[in-house]
Structure formats: structure tokens, C-alpha cells
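Chains here go by letter, A, B, C and D, matching the order in which they are written, and residues are numbered from 1 within each.
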Amino acid sequence: MCRWLAYSGSPIALAELLYKPRHSLIDQSRHARMGVETTNGDGCGVGWYPDIGGGTDGAEPAIFHATGPAWSDRNLLELSRCVRSPLFLAHIRASTGTAVQQSNCHPFRYGRWLWMHNGAISGFPELKRDLALTVDPTLYPFIEGSTDSELMFYVALTFGLQDDAPRAVERMIGTIEAVAQRHGVPDPLQMTVAVSDGHRLWAFRYSTERHSRSLFFSTDVRTLRTLHPEIEALQEVADGTRVVVSEPLGDLEGAWHEVPESSYGVVEDGHGELHTFSPLAP
Amino acid sequence: MCRWLAYSGSPIALAELLYKPRHSLIDQSRHARMGVETTNGDGCGVGWYPDIGGGTDGAEPAIFHATGPAWSDRNLLELSRCVRSPLFLAHIRASTGTAVQQSNCHPFRYGRWLWMHNGAISGFPELKRDLALTVDPTLYPFIEGSTDSELMFYVALTFGLQDDAPRAVERMIGTIEAVAQRHGVPDPLQMTVAVSDGHRLWAFRYSTERHSRSLFFSTDVRTLRTLHPEIEALQEVADGTRVVVSEPLGDLEGAWHEVPESSYGVVEDGHGELHTFSPLAP
Amino acid sequence: MCRWLAYSGSPIALAELLYKPRHSLIDQSRHARMGVETTNGDGCGVGWYPDIGGGTDGAEPAIFHATGPAWSDRNLLELSRCVRSPLFLAHIRASTGTAVQQSNCHPFRYGRWLWMHNGAISGFPELKRDLALTVDPTLYPFIEGSTDSELMFYVALTFGLQDDAPRAVERMIGTIEAVAQRHGVPDPLQMTVAVSDGHRLWAFRYSTERHSRSLFFSTDVRTLRTLHPEIEALQEVADGTRVVVSEPLGDLEGAWHEVPESSYGVVEDGHGELHTFSPLAP
Amino acid sequence: MCRWLAYSGSPIALAELLYKPRHSLIDQSRHARMGVETTNGDGCGVGWYPDIGGGTDGAEPAIFHATGPAWSDRNLLELSRCVRSPLFLAHIRASTGTAVQQSNCHPFRYGRWLWMHNGAISGFPELKRDLALTVDPTLYPFIEGSTDSELMFYVALTFGLQDDAPRAVERMIGTIEAVAQRHGVPDPLQMTVAVSDGHRLWAFRYSTERHSRSLFFSTDVRTLRTLHPEIEALQEVADGTRVVVSEPLGDLEGAWHEVPESSYGVVEDGHGELHTFSPLAP
């Protein structure tokens, strides 16, 4: 399993959220509280849309992937201090079996799209071939790593992620569950997923067993400022700024709201909404 | 492209062949003479069958894979000095596009089998999906990396490598060429391949265009000893000892014989043979 | 801080002790119970004397150092399975500030000597220069990394480690404490140290504040066998076989004895002794 | 030995100079023409001053260091595309013996200062201790790696680099040559060095034997534009923009001028000067 964080709002230096909070993502890499493992030391990554005049302006995102633990990665620290972005995704990995290598680090990128995942597909070695077959042949060559997470991304792309993200994720889930059923694998999917096209940011929470990994979002920046005075940049960001996290960056009180089961949040231009969703059988 | 070396004979320390020769594999990692590239710095690996009373005795091989260049890898040096083996494969990689990561390092292993490759499949991104589909579903989950080389191994395993290695390689080649033809990719395959089950060692040389990467074998250990006084261990090995290499470990004269086009050599119990072979269409 | 394990006895595969025990060193890399940190993910290393006819026969040790966490290092697993040794040292690192790099991985080697350390020198950045100056100028060029641990090794070598190990360690401690006093650094030293020349294995436990990191040794192999049926190799080793560990490989009862404060154990030819020692001011 | 590039002028993306030129620094990592080695695959690094309104505005530089070869480093590529800077240093390393690790990657940083080096100190293992002793005790703790290059930086800092860079370098050279003479090491120093404080950029060329590694600078951006149409960003930079390189980024004709022996160039606010200098004995 893993931990992740996604940000959408006024441009800030990545380090403000990755390093400064009391229970920052970097702290979570050694001391996760709500994860299956306390240690998330199997690589890390960030993907960010460049700050172009305060927004993203349709530019392609950049990514940084490293195989070592986030807590000792000096390049990540340097980068996080100097890169400012209005929309970024950050991830620390705890492998569920696949190799520790850059091509397995999140977020994954396809064109202007970024995708990251916490969770797993049960029985993945057994299901992998059938899932790979559902990927559009023109997309297949872009798969670089060996994780379930990246394959989920390409299945979702195949089902129209770029046109209708929630519906593509619904079909992706339905397909995984159908393939698992065919192979007799119960409760196959655990996921919290963040995905973005540079304008919108979606965050999905789902598990077949309806007992999903934790996922929280901030609603009111003012509460967040009060709870996290150590994150200086928050004092200056616009009110519509949102943070979505696997686990809160400090204490829970007031600032962090749990995404309900089988729901997703979407943030666009400082406006956020919550919706429920359901698997869509293939 | 890459460079490789395979050894079968009396147990010796790996370093005798990897480091000591004037134009050793380590030297070839920076100064290859016959390769497409002079630099082979995209990872390295060795696979060896343990020395059990002078032979391999059916034991599973061990492997070491590293992503850095061979010339600066201290673990490879340490290991090569202390590990003695009667049968080993060593490889230095020059990526033809796929990621530099341990799961893409040669030799690849399946059970008691080792496989390594120099060359490439042209248009691999385009052909990969169809080739992956030919892999037996029960073998598919064992594919860990993203290279053409590893996929060739699993296609060959699918076609009975463990029962009849030359025939399986013939079918593997035929399949690759058939898939390429379907996609309109001309001259798809370049390969020299070494494969072993711990008893026999096969070395194949082939290319669709019949202009294959270089491959040499030693026939007479006495000539090798004269040409390479710097390889001390050679002075004491049995007469049937053989070395197969992408390029000679020093000057050519006398000791190194070229494997002909569309041919393979096989060594077993100190006895070697050369055979021709042909692609077998699926 | 770190965790380590040292073995002296009948030759066994390293994996028997590194991977098989319930609370193995690899398990301790994520779930240390007695350390300052639960995570020891800043590199790992093993040093082993080759098995030459059941003993070490004066040969130089080999080392393997890796910068990633032990739990995901495939080379360490491969190596540990195939290397058999009558005397080896293994270490998992939790950096106290210095860089995560191979030259900072334990054990350190000088000729036939191996050294590894758990603990730290307080105020090391401030004390480092004065300590480096105490190192014999002919030894100085062999320092490769930047840790306090390696520098301690070279200070001990300067004070005659190769002639009288306990006395050299006493002088090393006395020197560190004298330098610290000069700089006004209180309680400067925390250490458990393992050191070997290939015949003898010493394990020291000391801290200036007399509240040292944990250190345990096995006395009776028969008890160890009963407590650890999962370590198959233990069933066949000679009775004088000893294991020294930062923390027990399972439950404590009976098999593991704590090394007292300011004491060291030494094992030679299956015979072990415990002694007290004291810092020797320079 | 190594290759490097330094840039001062209108802010551009690092990739414009690192990747786009026909004989770019990345190309030089495999195919250097004027170096001692054709391969510079022992790590790479960039240091850059952030673009603050078209200038550097006194901000501290950021650095990126990687141990693998530049040609396969995906993070370097990502970073180089998205980071824009008016003043940056880039380096590809060919180790002359010291370990391949991030702490040995150039450029080195101290506060607002960056330093990188091509060349070597002969007999460095022998001279290292005496040179380390000349470093100011308050600077000593900041030395992180084991190279001659970083030690030269700290010797120069000790001699007032921050007050008078050329004079500090003169004294650094004089000190190295004096220490070498004491140890009987002839012709100890080979260096081209780039150093910056974020405003000024100095480039020194010197060797004791007066036969120094190559070093070139661009004078006229208009000629550079004509010679390098593939570097699009050059079309838009200010006329005072300068590039200093170990070897030209393409053909020599007209655009690249050799820095004479025992000379340095300094660039500040689009104005450049060449001066001679001499070692200053301690």
C-alpha cells in the first residue's frame, strides 16, 4: 500500500505540503498511521503542472521518480523547494510485490494526464494478462512498468478517461471485478486514486469489499490555516485551494473530511464537488 | 545492443574472465570494439550455477543484477572474486530504449534456466502486445521487466525451451518474424542468445537480415592459455572448458572462432558441437 | 541507529540467519523493536569470510553494500542464499545524518578486518576534524565514506586494532571522549561494535552515559535450535557456534543473553568469553 | 576527468543547452571528443539559480545529483525541460578513482556558491590529509564527499573565495602545489573550474604542467545562433548571454573561443572579461 497527496489551488512550492506539515508525506514515509504498513519506503514520486501565470494553461506535467525512500531523497527535497505549482500529485510507495524501480513509481503520466493509486488488485499476477488484453492496442506500448496501478491507468484510458473520467473509472472497476470473478478471486480491488488533466483533479475511493483505504480532503482553507500554522504558504493561497490526502497532515479536528465509500471528489477552478459512483460491468 | 560472455568448464572465479583479460567484459563496457555502441553502460548482470563438487548438480542458479555501469560496480567486483562456478553467464547492457532497471538486466531466470541476449527486435513497441499474447498464460505472470530480450525468453519457454531448446528457439524466431510481417516491420530480429539449464550451454547467432551481431567461441583451451597468460585460472582448467563471447577477450589469432550465421553451438560435459538452424514459422 | 548480526561457527548460508528467523534482520529493517527507530532503511551490507574447508583460513573477506532498504534488495537475497560462510557480519542502517551511499554502508573493511557499528558520536560534525587528525597518515587515505562509524574504525586501527583489539577500542573510546570534552559535547559515544580478523569475533557494548544500545549473544546452540526451528541450518552446526545480535531473532526466553554495559564478548574456535573494559584516555 | 557547461544570460530551460545541441553535454557523456575518456558515465549534476523576474536576485541555488550516466537519467531530462534559469552549471562525471555517489557529484554548493571541476589532483590519496588540514575548521564539517574537486572548493573557500574569487583560486592552486612538492608529487594539478555566486560566473583554466584540459567560451550570441539553429531558445536571449564549455557543442568555427592557459573568464550582467592569473604560494 502507499500514501499520497494531491493539491489544487494557488501556486505553492511543493515542499510546503511535502515537508513542512507536522505529519507530512515525508513523515508518513516512515510513520504512516492509517496505512496497512507504517513504512512506505519503496520509492516515491511527484508530478506537477508548471505554474504559468498562476494557472496550468494546458501544459504537460513534469514528473520525478526515485527508487529510494522519500525520507532520504535529497533530489526530492531540492526539487520540492524550488518547484512551484498550482496542481500537483505526490506519492510514496509501499510495494505489494512488484519491483522497486522508477517505472513503478507514481504518478504515472500519459500526455497531459497524471494518475496515482493507493491499494492493490488481489491476485494480480493471475489477473494481469486478462487485464492487459483489455488495454487498447495503441495504448499498450506506453505501459512501462509492472504494477497493477499503472495497468489500471491504461484500462481507464482505454475506457475513455480523457472524455469522461468518472465513467471510465467506473468501467475500469467493473472490468477488474469481472476479470477477477472469472478467475475466482474475491474482493479484488482496493483503491484510492487521484487523477488529473491539469485543470480538474479527481479523487476516487473504492473497494470491492466496501472497506476502503482512508482518503481525506480539505474543504475550508481557513480551518487548514489554523490547524497548520507551520505551512506558511497556506496563509496566502486562494480560498478555493484544496488538498486531498491518504491521511491527514496532522490532527483531524475540523480541517479534514473523509471521502465516503464509493465516492469521488472533483476540484476545478477552486470549486469542489462530491459524488457517488458504482462499478460498471463491461 | 550489449556484450555478453558464457563459460562452461572447470569451476573458476568469475573475476578470472570478467576482469582479468586484457579486453575483458568490464573493459568492453567502456570500449567495445565490435558492437553498435562502444559504451555498454546501462546495467549489468551475472547468473551462475553453484559449484557443487566441481559440477552444477542440478542446483538453481543465482543471479546478480545492477543498474549502473559494470566498470564502477563494486559489488560485481567483490562477487566475481569470491564466487566460483563451472557454468556462468555475464552480460553488460546497452539499452535500445527500454528502462534501465534491475528487472531489465540479463541474464533472466526461470527455474533452472538462464537466458541472455544481444540484439533487438525492430519495432518492438508495436509488436510487443502480439508477442506477449503468444506467451503461455501460466508463464505470463513471471515476466518482470519490459525488454524484448525477456519476452523472447518467455516465448521460447512457451514453445518448449525446456524440452528441446534449439527447436523452441527456431519457433520463437519464426513467431517473431511472422508477427513482424503482419505489422509490416522488415528485418525484425537481431540476436545472439546464450541459454543454459545448468548442464548444457547453447549459444545462438541469428538475424533476419543474415547479418548478425558478432559471436565467438573458444575451442582449444591450450591456445586460449597461450593467448591469455593474464587469466591465471585457465592454466588449471580441464581441456573441455569453453568460453563464448560477443567479442574476443583480446586478439583474435587462433583462439577465437566465429559462430557462423544461423548457427548455434552447444556445450555439454566438455564436449561442444556446432549446428545450423532455421526459423520455424508458427 | 542501526541493527546488526554477527555469526561465528560451522559454515552456513547467510540467508539462514538473515531471512529465515521469525524476527530476522530483514524483518528488523522494517519492524525493529528495540532500536531508536523502527525503520532501518538507509542501506545494508554483509561482509563474509569465505568457507575454505569449513574454516576461514586467513582469506580476505568479501563485502556487499547496497543503498536501498534490505527488505527489497534482491541481490542481497540471492547472495545470502548462495554464499556459505563460517564467519560473517550483516548490517542494516538507519542514518543519523550522513549520506545514504555505499561508502557509508557497514561492515567496513581494512585488509582482513571487518568492522560494523550501531550507535553514534554526538556532535559528530563538530568533532570530525579532530578525530580525523588522530588517524595515522598512512591509514587516512583508506577512509572512503563520511560516517562516524568508519572513522571510529580507523581511529581503532591507528591505536593497534590488529595487535590488541580490546585495548585499541579502549583507546579509541578514550580519544573520542577526550575530543568531545574539549568541544564541550556531553555523553558523546553510543556504540555496539562487531569486529573480526577472520579468526576471532569481538562484540563491544558501550556508551559514555552507561545506557547503551541493546546487544545480545547466544551461548547454547541447543537452546537456539529449540527456539528457532525455522532456522534449519542450526540443526547441523557445531556446538560452539555463536550469534551476536542487536536484538533477538525471536522471543528472548533462554537463548539470548544480554552483553553487559562496558563489556565485550570474544569468540574464537567455538570458545567464547565475556570481559569488561574501560575507556583509556589518550 | 569530466565535461561541464556553464550558462549566464537570459533565463532559458536547461534542456536547451543540455539536450538540444548536436554535440550536447548529454551526447558528450557517451562521445566526448576532447576528453581523456570518451565516456563520462560516473554520475551527473546540475545546479541552477532560480529565475526571479529574469535574474537571480540573490536566491540560493538548487542542485540535482544522480549517480547513473546522464544519458539515461529520466529525472535529469524532466527537470531540464521544466526548470528555467538565468545562471546554471551542469556536469557529467568520469571518476578518477573516488566512489560513484551523489555526494561526489558536481556542482558542489556552499550557501549561494556553486563549484564544479574537470581534472584531477595527482597523487590525491597521498595529499588528501594535508589538504584537508588547510580547510578552515568551521568549513570542514560541510565536506560531504571524497573527491579532490570538492576539497579544492573548501580550500578555496578557506582562502576567501567569497571575497575575491580569483585570488582565492590562486592561493588554492599555490597550496596544492606546495603540498604536492612536499610529498614529491610532480605536476599535481589539472583543472578547469566553474564557480558562481549567483551574480558572477568565473571559469578558470590551469594545470601545473601548463597543458590544461580544454575550455571554451562563446563571445557573440549571434554567431552561436547561426551555428546552432537547433537551440531554439538562443534566438531570443539577450546579446550578453554566454556559454562556457569543456568542449564545443558542435563544430568550432567562429563561435567558440579557447580560454588561454592560466587564464580565467568572468561574466557579470552580460559583460565578460578574460584575465591571466598565477598560483600564489601559501
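The definition used in the following text is that a residue touches a chain if its C-beta (ideal position, glycine included) is under 8 Å from a C-beta of that chain, and two chains touch if they have at least 3 such contacts.
Listed by chain with UniProt protein names: A, B, C, D = Class II glutamine amidotransferase.
Since the model is a prediction, treat every value here as computed from it, not as a measurement.
Mind checking the rotation angle between the two copies, subunit A and subunit C? C-alpha superposition, nearest 5 degrees is fine.
The two chains, subunit A and subunit C, differ by a rotation of 180 degrees.
Suppose you list every residue number at the subunit B-subunit C interface; are over half of them used by both chains (same) or under half (different)?
Over half shared, hence same.
Please compute the C-alpha centroid of subunit A, do the same for subunit B, then give the distance between them in whole Å.
Inter-chain centre distance comes to 40 Å.
Could you list which residues of subunit C touch at least two other chains?
In subunit C, the residues touching two or more other chains are 102.
Using the touch definition from the top, list the residues of subunit B that touch subunit D in their complex.
Of all residues in subunit B, those touching subunit D are 30, 37-39, 41-42, 67-69, 71-72, 95, 100.
What residues on subunit C touch subunit D, complex-wise?
For subunit C paired with subunit D, touching residues are 99, 101-103, 125-126, 128-129, 132-133, 137, 140-141, 143-146.
Which of the residues in subunit C end up touching subunit B in this complex?
These residues of subunit C touch subunit B: 50, 62-66, 74-75, 78-79, 81-83, 102.
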